[in-house]
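Shared between the two complexes below is chain A, which has chain B as its partner in the first and chain C in the second.
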Partner chain A sequence: MNEILMGLTAVMTPYNLFICVAGLFIGVLFGALPGFSATMAVAIFVPFTYSMEPGSALLLLSGLYCGGVYGGSIPAVLLGIPGTPASAPTALEGNALVRKGQAGKALHLVTLASVFGGFVSALCLLVGSGLLAQVAMMVGQPEQMFITIFGLSVVIMLSEDNLYKGVMVAIVSLILACFGQDPIEGFPRFTYGFSALISGLNVTSVLIGLFSLPEVFKMLEDPFGKIAESGKVGSMKMKLSELKASLYNAIRSTLIGVGVGIVPAAGPDIAAFMAYNQAKKASKHPEQFGQGADEGIVAAESGNNGATGGSLIPLLTLGIPGSAPAALFLSAMILHGVRPGPTLFTEHAETVYTMIIGFAVINLLMYFVGMIYCKAGSMILKIPKAILATSIVVLAVVGTYSTNRNMFDVWVMFGAGVIGYIMIRNDFPIAPIALALLLGSNMEKAWSVTKTLYEGELYMIFTRPLTVALALFTVVSFAFPLYKMYRKHKNKTKAAKAADTEVK
Partner chain B sequence: MKKSLPDIIISIVLLGFLASLAVQLPDIPDISRTYPTVLIAVAALMSVILLVKSVLRYKTDETVETNVIGQMKIIVPFCLMIVAYLLLMNWLGYIVDTVLFILASLIYLRLKSKVAMVAIAVIMTVVIYLVFTQYLIVVMPFGRLINVAIL
Partner chain C sequence: MKKALSLILASALTLTMAGCTITIGGGLGDGTATTGGDVSSDGSFYAGKTVTMIVPWAAGGGADTAVRLVCDYAEDILGCTIVISNVAGGGGSIGLQQLVTSNPDGLTLAYVANTDSNGDVMLEGITYTVDSFAPVCVFAEDPHIIVASKDSGITDLASLEAAGASGETSWGIGGAWTHWDFLKMEFEEATGTNYHRVVYDGGTTAITDVASGDCDVATPFISEAMSQIDAGNVVPVAVTSAERNPSCPDIPTLAEQGLDGFDSTMWRGVVAPAGTPESYLREFAEAVGEACQNPELLERAQTAGTTISFIGYDEFQDYFMENHESVRSYVEQADF
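Up next is the complex of A and B:
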């Protein structure tokens, strides 16, 4: 308790509060710009922390990280372009609400869900670090393999209207994820002679193209119309009953986020899709998903922000960085003489508790910073389509170029955009591409390592309790939506037959 | 246009793409080949099924009236403008190329005010350039022709 109070006192100094707010402001901007990410924000600002106190340095990085994950959702809602891959499910629902003239509601919901997810994940980091670290220790390659397969089951929910095409898109995208060096031998595959393809397709470039250019082309189908049907942002006010209705969904999604966050190599992007999938499964109105469902936004946002705290648990307790931002936190901590691991909580109690309490405070401050950005950002809807379409192209180009500083990625982005538009026009869902590209390389690596480890005796993986649990989850995750769809189809057929008999 | 025609075209293109991958498989070592081979085989099978189903449906399909040609008349030239923008980036440099693209795009999309057009083109380009180069430390293409002109 003393350590917690010590951390709270350190965070509440004017200087540290300023650092938190500054980190958030910059982080949200990084998240909102296509091609930029929370990881990039943390990476760029690590050198800026050299001269700071360790606690303040970690607060700045936490603000950048949380702000970056949240920031991606603002363009996702307003333009349908996710600033980061973690906001892709938000783009599906948020932009549908914008078209209905409810941009204000969508933005407020995104902010509240993000704050809730981030705050609860900070509490998990504070209270459950020890226990969750034990779970993290049990996650090996066989478990990783089932986690990725479990993640891919989301494809079924994402393409319920056209399951066959959705699965086909996911499989082709898994092939695209194989481009470049294989994860075991490092042999370059499917490069077509392009040296730029040796490191594989840049997922960020593909996602920027896939989610931004089709929106531009859709605007051009009616270049003189308005972005939102009403042309207005709509009220940002929300009823208490609406918030209460979302509470259970937010808690479940946050816990999924925290769980996914502690798994090495999984992060906010996978957490957002998984939480979205579970929300759709549990919803009384799954048919509203894709048409602007509040539940979808709440799930995705509390899920991806829930992963922020979760991803730091293995780092702080075991010294294992499970994600790119966690690795950057590790480098910053080492730089300041703070070595994460089991002794961290005793040897550097003040610094680590300043960081954890700061993480919670940052997430609360994010509400106010977020609302400022939302109010400014919602002006976008009043801009004529000609200007908006042009700006999106310019931003997509510069954003993609900045990820690797090469034009090849920009061409990949353009190609992905054109293909995405053709797919949308012909009822091929594009969301499975994001999921398959994000999970593809993890899945191949986990599969290959597991196969090598258990050579000839693959069934032995089921002697691991966590693998068995995850395998069961995976089976249920694939079977449940299929069963639901079968029931829906059966009911429809019954209703049609009954109507026929009545007519006769 | 018949409803199943796009599916027929897409499955044929996809099969071509998968064939281009399949011919590269023998050059890949065994250990790195199994996983993509399985995926390619499944994707090819699914494409063939989609193709056959679409061909069988083609005769009975109703013809649907769409405004595809009208929309393409707007979208295709805009795509060509983007292609020109990307091709010229390394030659003209980020600033000149982006100003030209924004002007061309706004003229094409019939923005009325000419003053607004020029202001948007210049301000947007300069702001993006300064933010990315000064604060985010991204070196933008300077342009070979600009280099030659300076020398």
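Up next is the complex of A and C:
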């Protein structure tokens, strides 16, 4: 309690509050620009924090991180281009709402869900970090392996309309995730003699191309039109009853987010997909998903922001970063002598509690910063598509190049964009690519360690209780949607046979 | 004397040719060396210029942190501006490829570590060889800490060696084809032992698995290991450098425990493209050497978990080649 008050007073100084707001403003901007990401925002500002107090430095980075994850959802709603992979499921729904003239409502919903997810995850971090650290410790390599496979089961849901195409895309993408050195022997695979492929395809570049360029090509099919034909953004007002209806969904999605965040190998992007998946399973109107379902937006956004706090748990208690921005947090903390690990909470209590309380405050402030951006951002719907498309391509190229200063990544980005457009025009879902690329390499790493640790007696992994539970989840998550589809199919044929007499 | 004269002449010439660069860079320098005349009179090549330091790894990583720290101080001594350029990808090869194809004018340098000169045998599609580089200096040597799980019963070198007799004790490394791999091979060769190699994606993941008992032994860096050691979750066995480390003075070296002369660290250094004039590189190396004695830098480095240790220009020429040959022979013998 003492530490909490200490943290609260540290955050509530004008300087630190200013730092939080500044971090948010910059973070949201980075997240919102296609091609730029939360990771870049944190990477650029890490050197700036060297001269700051450790507490303030971590507050700035937290603001950038939370803002970046949230910011990605603004273009996801408005343009159907997720600013960061974590907003990919939001893009599936948001764009449909814009076409219905409900952009304002969608943005408000996104903001509220993000604030809720982020704030609750900060509370979980504050109250349960000790307990959750125990959980994080229990998640060894065999558990991580099952979690990644579990994550892949979301592909089935994403491609319910055309299961074979979806699964095919996922399998090809898993092979793409194998490009580069194999994790055990360092043998280069699928590199075709290019040294640039030694570390594999850069997932960020692929995703930037895949999500931004096809939308650009679509815009160019009608270059003089505007995104919202009527120029109507729609009211931002929402009814209380609508909020109440989403509350349960938001709580569930946030908890999924926190849980996924704890797993070292998965971050906000995977959390968003999983929460979206569960929301669709639990929904009374699953057929609305993809056509602008509020539930989908709420789930994805509270899920990915829930993971921001969750991913700090393995970072703070074990020193293991759960996502790329978390890895940068780690190096900033080490540089300030605030070394993450089991002794962090005793040795650096003030800094840590400043950061955690700051995390909660930042998420509340995010509502106000977010609404400013949403108001301003909705203007882009009125810009002619030709101008918009050009700016997006410029941003995508600059963003891709500046991450690694590497021209090869830019070609990868363009390649992914062209392939993505061809896929969309032929009704292949592109979301499974994101999922498979993000999970593929982690799955391989976890599998290779598990395999070497349990060499010759792989069945012994089932002596770990958590592994058994996760393995069962995984089996169910693959089987359940298939069973549901089978039943639907059977009902349909039955209904057809029984003609008019037996209408379901 | 003759050498000094030629040095002055050479730098004067370069300065006249690169007049443009000087005016731009001069404003960014410390203000004492803004005109060409001042610079050439004290024989300094770097004063007032802008140097690009390629770090072939992502911003925020261990390599990046160490380079930025040292360059921060070397910059003031040289009176120049050092721009850190993170060119990541290709297992470090893309940045080094960019270095070897750049002008050998002393203004483009790169970060280098133990295994980089062997890219042509370890990676694929690499066109540069050890001869493409001109070694400049080493500024840090990071030791590993050998830690063991509490269940393993390993507490010192003797019990570690005993556990390595059967080949069943698992030894977690932070990545294939990195210094982690070569450290394991060196240790096995020195003690005649054999461990079960488990490849993780970093030292922290490895030590976490040691803390939970899934893996028996791991060799993380100091910054990755200290918190788990302080919390009593793992048993520290030894540091791999020749001398004890100031960050953890209680942990004995392998040499102290009977493994005479064992010294294996991950060194971090600077290289230039082959053909860069030696006088420039000497100037740069000397400045880094001076920076490495700054107590403020040493303190900041210790906080960041890096062990500053300087190897000058002359010594590094041989050290670089010896290290190259040693790594090459391990790569060629490697049998996983």
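By our rule, the second predicted complex is superposed on the first by the 483 of 504 C-alpha atoms of A that agree within 3 Å, B and C clash if a C-alpha of one lies under 4 Å from a C-alpha of the other, contacts with A are read in each partner's own complex, and residues count from 1 in each chain.
Operating definition for what follows: a contact is a pair of C-beta atoms (placed from the backbone, for glycine too) under 8 Å apart; a residue touches a chain by one contact, two chains touch by 3 or more.
No experiment lies behind these values; they were computed from the predicted model shown.
Engineer: Clash or fit: how do chain B and chain C relate after the overlay on chain A?
Structural biologist: Chain B and chain C fit side by side in the superposed model.
Engineer: Using the superposition on chain A described above, determine whether A:Ser448 touches chain B (first), chain C (second), both, or neither.
Structural biologist: both
Engineer: Just to be sure I read the superposition right, which of the two partners does A:Val418 touch: chain B = first, chain C = second, or both, or neither?
Structural biologist: first
Engineer: Applying the touch criterion given at the start, work out whether A:Ala471 contacts chain B, chain C, both or neither, answering first, second, both or neither.
Structural biologist: Once the two structures are laid over each other on A, A:Ala471 reaches no partner at all.
Engineer: Is A:Leu58 in contact with chain B, with chain C, with both, or with neither (first, second, both, neither)?
Structural biologist: So A:Leu58 meets neither chain B nor chain C here.
Engineer: Is A:Asp409 in contact with chain B, with chain C, with both, or with neither (first, second, both, neither)?
Structural biologist: A:Asp409: touches chain C, not chain B.
Engineer: Given the superposition on chain A, what is the angle at the CA centre of chain A with arms to the CA centres of chain B and chain C, as a multiple of 10 degrees?
Structural biologist: For this superposition the angle at chain A equals 80 degrees.
Engineer: Which of the two partners, first being chain B and second being chain C, lies in contact with A:Ala326: first, second, both, or neither?
Structural biologist: In the superposed model, A:Ala326 contacts neither chain B nor chain C.
Engineer: Tell me which partner A:Ile184 touches in the superposition: chain B (first), chain C (second), both or neither.
Structural biologist: A:Ile184 sits against chain B and chain C alike.
Engineer: Going by the contact rule set out at the top, does A:Ala436 touch chain B (first), chain C (second), both, or neither?
Structural biologist: It touches nothing on chain B or chain C.
Engineer: Note down the smallest distance between any C-alpha of chain B and any C-alpha of chain C in the overlay, whole angstrom.
Structural biologist: Comparing every C-alpha of chain B with every C-alpha of chain C, the smallest gap is 9 Å.
Engineer: Could you give the residue numbers on chain A that contact chain B in one complex and chain C in the other?
Structural biologist: Comparing the two interfaces on chain A, one with chain B and one with chain C, the shared residues are 182, 184-185, 405, 448.
Engineer: Could you pull out which chain B residues touch chain A in their complex?
Structural biologist: Its residues touching chain A are 6-7, 10, 14, 18, 20-21, 24, 28-29, 31-32, 35-36, 39-40, 42-43, 46-47, 50, 71, 74-75, 78-79, 82-83, 85-86, 89-90, 94, 98, 101-102, 105-106, 109-111, 120, 124-125, 128, 132, 136-141.
Engineer: Help me check something: in the complex, which residues belonging to chain A touch chain C?
Structural biologist: On the chain A side, the touching residues are 42-43, 46-47, 137-138, 140-141, 181-186, 188, 191, 193-199, 202, 264, 318-320, 327-328, 331-332, 334-337, 339-344, 403-406, 408-409, 445, 448-449, 452-453, 455.
Engineer: With touch defined as at the start, can you tell me which chain C residues reach chain A in the complex?
Structural biologist: Chain C residues touching chain A: 58-62, 64-65, 68, 85-91, 93-94, 97, 119, 122-127, 170, 176-177, 196-201, 204-205, 208-209, 211-212, 214-215, 223-224, 226-228, 230-231, 233, 303-305, 336.
Engineer: Taking the complex as given, what residues does chain A use to touch chain B?
Structural biologist: So the residues of chain A in touch with chain B come to 36, 44, 164-165, 167-168, 171-172, 174-175, 178, 182, 184-185, 187, 189-190, 192, 216-217, 220-221, 223-224, 384-387, 389-391, 393-395, 397-398, 401-402, 405, 407, 410-411, 414, 418, 421-422, 425-426, 428, 444, 447-448.
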